[in-house]
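Once you scroll down, you'll see the structures, which are given as structure tokens.
Each of the two complexes below includes chain A, the first together with chain B, the second together with chain C.
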Partner chain A sequence: MLEVKDLWVTYKSRHGRPVTAVRGVQLTIPDNMFIGLVGESGCGKSTLGFAIARLLDGRRNEVTGSVVLNGVDLLKLDVRELRALRWKKLSVVLQGGMNAFNPVHKIQQQFMDAMRAHGNFTVAEMTERIADLLKQVQLDREVMEMYPHELSGGMKQRAAIALSLVLDPELVILDEPTTALDVVVQHAIVDMLKNLQRRLRFSVLFISHDLGLVLEVAQRVVVMYAGEIVEERTTATLLQKAMHPYTQALLDCYVDPQAEEVHLAGIPGTPPDLSLPLHGCAFAPRCAKVFAACLNQTPGLTFGVDGFVQCHLYTPQGGTTDEP
Partner chain B sequence: MKYFLRKAGFLILTVWIAVTLNFILPRLMPGNPAQAMMAKYAQQGPISPSQEHALALMLGLPTGSLWSQYGQYLGNLLHGNFGISYSFYPEPVIAVIARALPWTLTLIGLVTILQFVVGTLLGVYAAWNRGKKFDSTATVLFSFTSAFPYFWIALAFIYLFSYMLHWFPLSGGFSGSLSPAWSGAFAGSAIYHSVLPALTIFITGIGGSLLGMRNNMINTLGEDYILLGKAAGLPEYVIATRYAARNALLPIVTNFAMSLGYVVGGSLLMETVFAYPGMGYLLATAVSNQDYPLLQALFLFITVSVLLANFVADILYGLLDPRVRKGGVR
Partner chain C sequence: MSLEALQAHGSKTARLELREVTKVYQKRRRTTVALNRVSFSVDPGKIIALVGESGSGKTTIARIVTGIERPTSGTVQLGDWQVDTLPTRRLREYRRFVQMVFQDPFSSLNPHNTVLQTLMRPLINHRHYSFVSAREQAFEIMNTVRLAPIEQFANKKPHQLSGGQRQRLVIGRAIAPEPQLMVADEPVSMLDVSIRADVLYLIDELRRRTGMSVLYITHDLLSARAVADEVVVLYRGHVVERGVAQEVIRHAEHPYTRILINAIPNPRRSQYQTTNQGLEPVQAMEEDSGLHSPHDFAELDGALKAVTTVPTLQTHATVGCPFMQRCPYATLQCVEQTPSLQGSMNHQVACWHACGCKGSEPNNV
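Up next is the complex of A and B:
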């Protein structure tokens, strides 16, 4: 189980103001859980994923808070301890996966590099393991002997997923894993990922800007806006009734393919400048249901049976008695 | 293998074109050396046709149809017969070149390799520790040294270390009291004479390799596979060498192999400043003495070695980068 508490990430900048991309995030990822993290570009979702995996360049940013994976605070580990834990407990799949493989090595080489860094395996054991994983992501055994440039985008992303599973991690963070792929391949890969997760019982943090895709695969959905998590619920209840106006607006961006008349709604306005401190609710300037309290008071979290929402509509100021 | 054969075929074709151009170009120029000399003599008095014929024979001017000349020319090339040098008359051109080539090859060749290896390694180190002390010092220092005009630094070194301090000789490739031989004394003298030329080339050249590698490597460090290697907990030296440096090296290897090709041409500036008995010095001598046979042979040597270096670069690149090997297939 992974527990993120009060996580803040600030990008330092030599010129200009520092940008606080993640603002006091609380997030729990239970074992064997598929969590989707959605939000528009620049909302800090990738930064959050990278901060959890401790992949941010320490010279250029500051991370505070705690990221506790099974009792170990990742933010407190030194380089050596962290390296020992990487890939065994926590692995990542990067955006598109196009450049995730070293172009001068065969695919199997990188699997072997990762395995050798964490244990003593014979070549036969490694080959066996790689072949098995490739099979699980529906790739031919021959892919082992291929170079990255010989694979298609979809094949590369499958291989990258296989690579992330090579040491049986407890948590896999996928950052926009299918964004660079076409819709058909995208769905095939996401379905495969879901099956793998169910079978091998690891946890997934699936970062995407595509709410539709996330709703298809995730058990729980985390919605991020301007560096904060504004709503977190099970997929089923979110689909039934989204609480936060931002989530509602995101859902409105999707069109029912059965509808006779198509009405496309965007979200007016732009997200706030993350280099400035926020007053009140970050979404207030774009919100259709904004009222006085939203502009000068930061909303607290309102917890319901299956999650929480950060919105004044559900605080005493909002006057609604709806349970989120 | 297919890649290798294709490149080898290309090499043969380009060498043939270079050789043929070397044959055609002088023949496209109006007049010939005999006529030029005749014009000089004619100012002193009339010249009989028999004198003209004698001169043509002495210079070895070609006779017969263009095709038979071409055949003769190719045959001569194969036998290493480039004619007689005018400025070192009556020595054959090939002997003159054979005397200069070892000097250039050993000194400039070794310095080029050393400069590349050291510069690249330092570049890797600087990029891996970018922003730290060594990187910020080296970047400034080597931008500075690589911007020095070569002749200036060479003259400054001669003034300081040879003229003022008498640590090293002023010029030449070996002591005037010795003659080239396989002896300890001669080797010692040659090494002693080569220190300053080598040092000056090294100093002005190393900055390019270091900065080139550093910048390439910094770009490579931004790639996803580096981040993934880190995320996978690979040891740092694996990421630095097999992931980052290995990929950053690819474009640099081409430059390096090309620069090896130019080694044969010698370093005109260095050899002039130090009066070093190499190919560059020879080229300068040939130009100022209008030594056509020598010039032609030198150009051919330089062209062919650049082509050969290109070929080596292609092969190296093919070995180092799997994407290039299959280039023709996809």
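Up next is the complex of A and C:
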């Protein structure tokens, strides 16, 4: 189980104002849970993923709060301790991860490098493990003997996912793993990932700008806006009724392509500049349901049966009687 | 560009016509047929969507239409321009009439140039404007593509713009030479879902105002449905289904088109899944793989097999349906005979079993 408490991340810059991309995030990822993290570009979702995985350089960024994985605060570990945890407890698949394979080594070699660096295995053990993993991600065994350029984009991304699972991690963070792929391949990979997670029972933090995609795979959805989590619910209840106006607006971007009339909706405006302090609700300037309190008071969290929402509509000022 | 100028430009529109275009790439002993006798046309002011996965030949068509490559056989005509035999020296002149919008707005703009410089350059190079009049015109284009207020944007460089603003700038640059055809290759697939509509409807508005034709290349049938008049579905260089956008997407007949429709993330569809199984995730995985949605997933599974196996040397059979290896409905007829496009002009499909698989129509949830 991973617990993120009051996490703040600030990118310091020599030239401009510091940018606070994650603002007081609380997040719990239980064991065996597929969590989807969504939001537009520039809302801090990748930064949150990086901070959890300790991928941010402490000299140039300020990270405060705690990220506790099974009782160990990742933010307090030194490099050596961290290395021991990586891949075994927590691994990461990045957006361009499929292009990070070394072009002059066979796929098998690159899996073995990771395994040797983090454990003691015989070659036979490693080969068997790799073959098994490739099978899990629906790749042929021959892929082991191939070079990255011989694989298509979708196959490389499958191999990258397999590589992240090589030492049975408890948590895998995937940052936009399918964004560069076309819809059919994307659908196939996400489907495969979902089955894999349900079978191997690791936890997933799936970061994506595509709410429609996240709703197809995740069990819980976390919606981020301007560095804050504005809504967190189970997929089923979110689909029944999105509470936060931002979540509603994101959901309205999806229409059934076979409907009688198709009109695409967007969300007017842009996310706020995160180098400035925020007053009131960060979404207020773009919100269709904005009222006086939104402009000058920061909304608190309203908890419901299966999650929470950060919106004035559900506080006493909002006057809405709906339970989130 | 003022509205009047844009409307006056309407008279300079042209029709794009591709007839039996074939493109074969030869590499040592390996022959790849990228396009196989592709024919379609785009009338002035219309948007035609070319839809297919990576490797279906969409981008090859874009390269042929823009004169970057020549077809192996077949003809391409834009108004009076015979594109397939165009001498290289006339390409520059031709490009004034054909402009492109690329997928990645981050890499298709020169990072050193300001918004104003980016827009002035095509005006000076292609339309021979003076510096002062190019500046005036660039301001008008900024208004047209909604990069306003002008004072605020004119001197910004690409890195200071958001993804949507950058793509609007690319579109502004493309309309500056008053083209007859815009080739938009996945213009919104790298943008946030929340700003895609904005960019797509800008293209839609511009073609209505200027009468330019648009060749919209995408793998997303939803956006094609939203703005395109017609859809051409490509599979491995073959047109497998084409027709009026609404008709093709609502009543898709080719199994491949239906795979593309199924692959679109659609929360309304997953609602069905999650209420059924989302809350108890770890129940028998064997069941899980087959039982995703009320849609006909048999065909999707067929598709997945082909995507995940190691690519073998592409042996293009000269007979038979190009889709047969991935098709769940394939029969002996599909192996022995190549289907051709059949149907009315509003909706044509190249499939021996187009009517057969209609029986299991994807139901609308």
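In this section, the second predicted complex is superposed on the first by the 321 of 324 C-alpha atoms of A that agree within 3 Å, B and C clash if a C-alpha of one lies under 4 Å from a C-alpha of the other, contacts with A are read in each partner's own complex, and residues count from 1 in each chain.
Going forward, contacts are C-beta pairs under 8 Å (C-beta built on N, C-alpha and C of every residue); 3 or more make two chains touch, one makes a residue touch a chain.
Values in this document were obtained by computation on a predicted structure and should not be read as measured data.
Using the contact criterion defined above for the overlaid structures, shared-chain residue A:N32 touches chain C, although it does not reach chain B.
By the touch criterion stated above, A:H105 is placed in contact with chain B alone, chain C being left untouched. Judged by the touch definition given at the top, the superposed model places A:G154 against chain C, while chain B stays out of reach.
Within the superposed three-chain arrangement, the count of touched residues of chain A is higher for C, of the candidates chain B and chain C. Of the two partner chains placed around the shared chain by superposition, neither chain B nor chain C is touched by A:R80.
By the touch criterion defined above, A:H15 lies against neither chain B nor chain C after alignment on the C-alpha atoms of chain A.
In the superposition on chain A, no chain A position is in contact with chain B in one complex as well as with chain C in the other. Per the touch definition, chain B reaches chain A in the complex via residues 131, 223-225, 227-235, 238, 242-243, 246-247, 250, 320-323, 326. By the touch rule above, chain C contacts chain A in their complex via residues 53-54, 162-164, 190, 192-198, 200-201, 219-223, 225-226, 249-250, 259-271, 273-275, 278-279, 281-282, 285, 288-289, 292, 300, 303-304, 307-311, 362, 364-365.
Per the touch definition, chain A reaches chain B in the complex via residues 53, 55, 59, 82-88, 91-92, 94-95, 97-105, 110, 113-114, 117-118, 147, 149-150, 160, 163. On the chain A side of its complex with chain C, the touching residues are 32, 34, 40-42, 138-140, 142-143, 146, 152-155, 158, 179, 181-188, 191, 195, 197-199, 201, 209-213, 215-216, 219, 234-236, 239-240, 249-251, 253-260, 262-268, 270.
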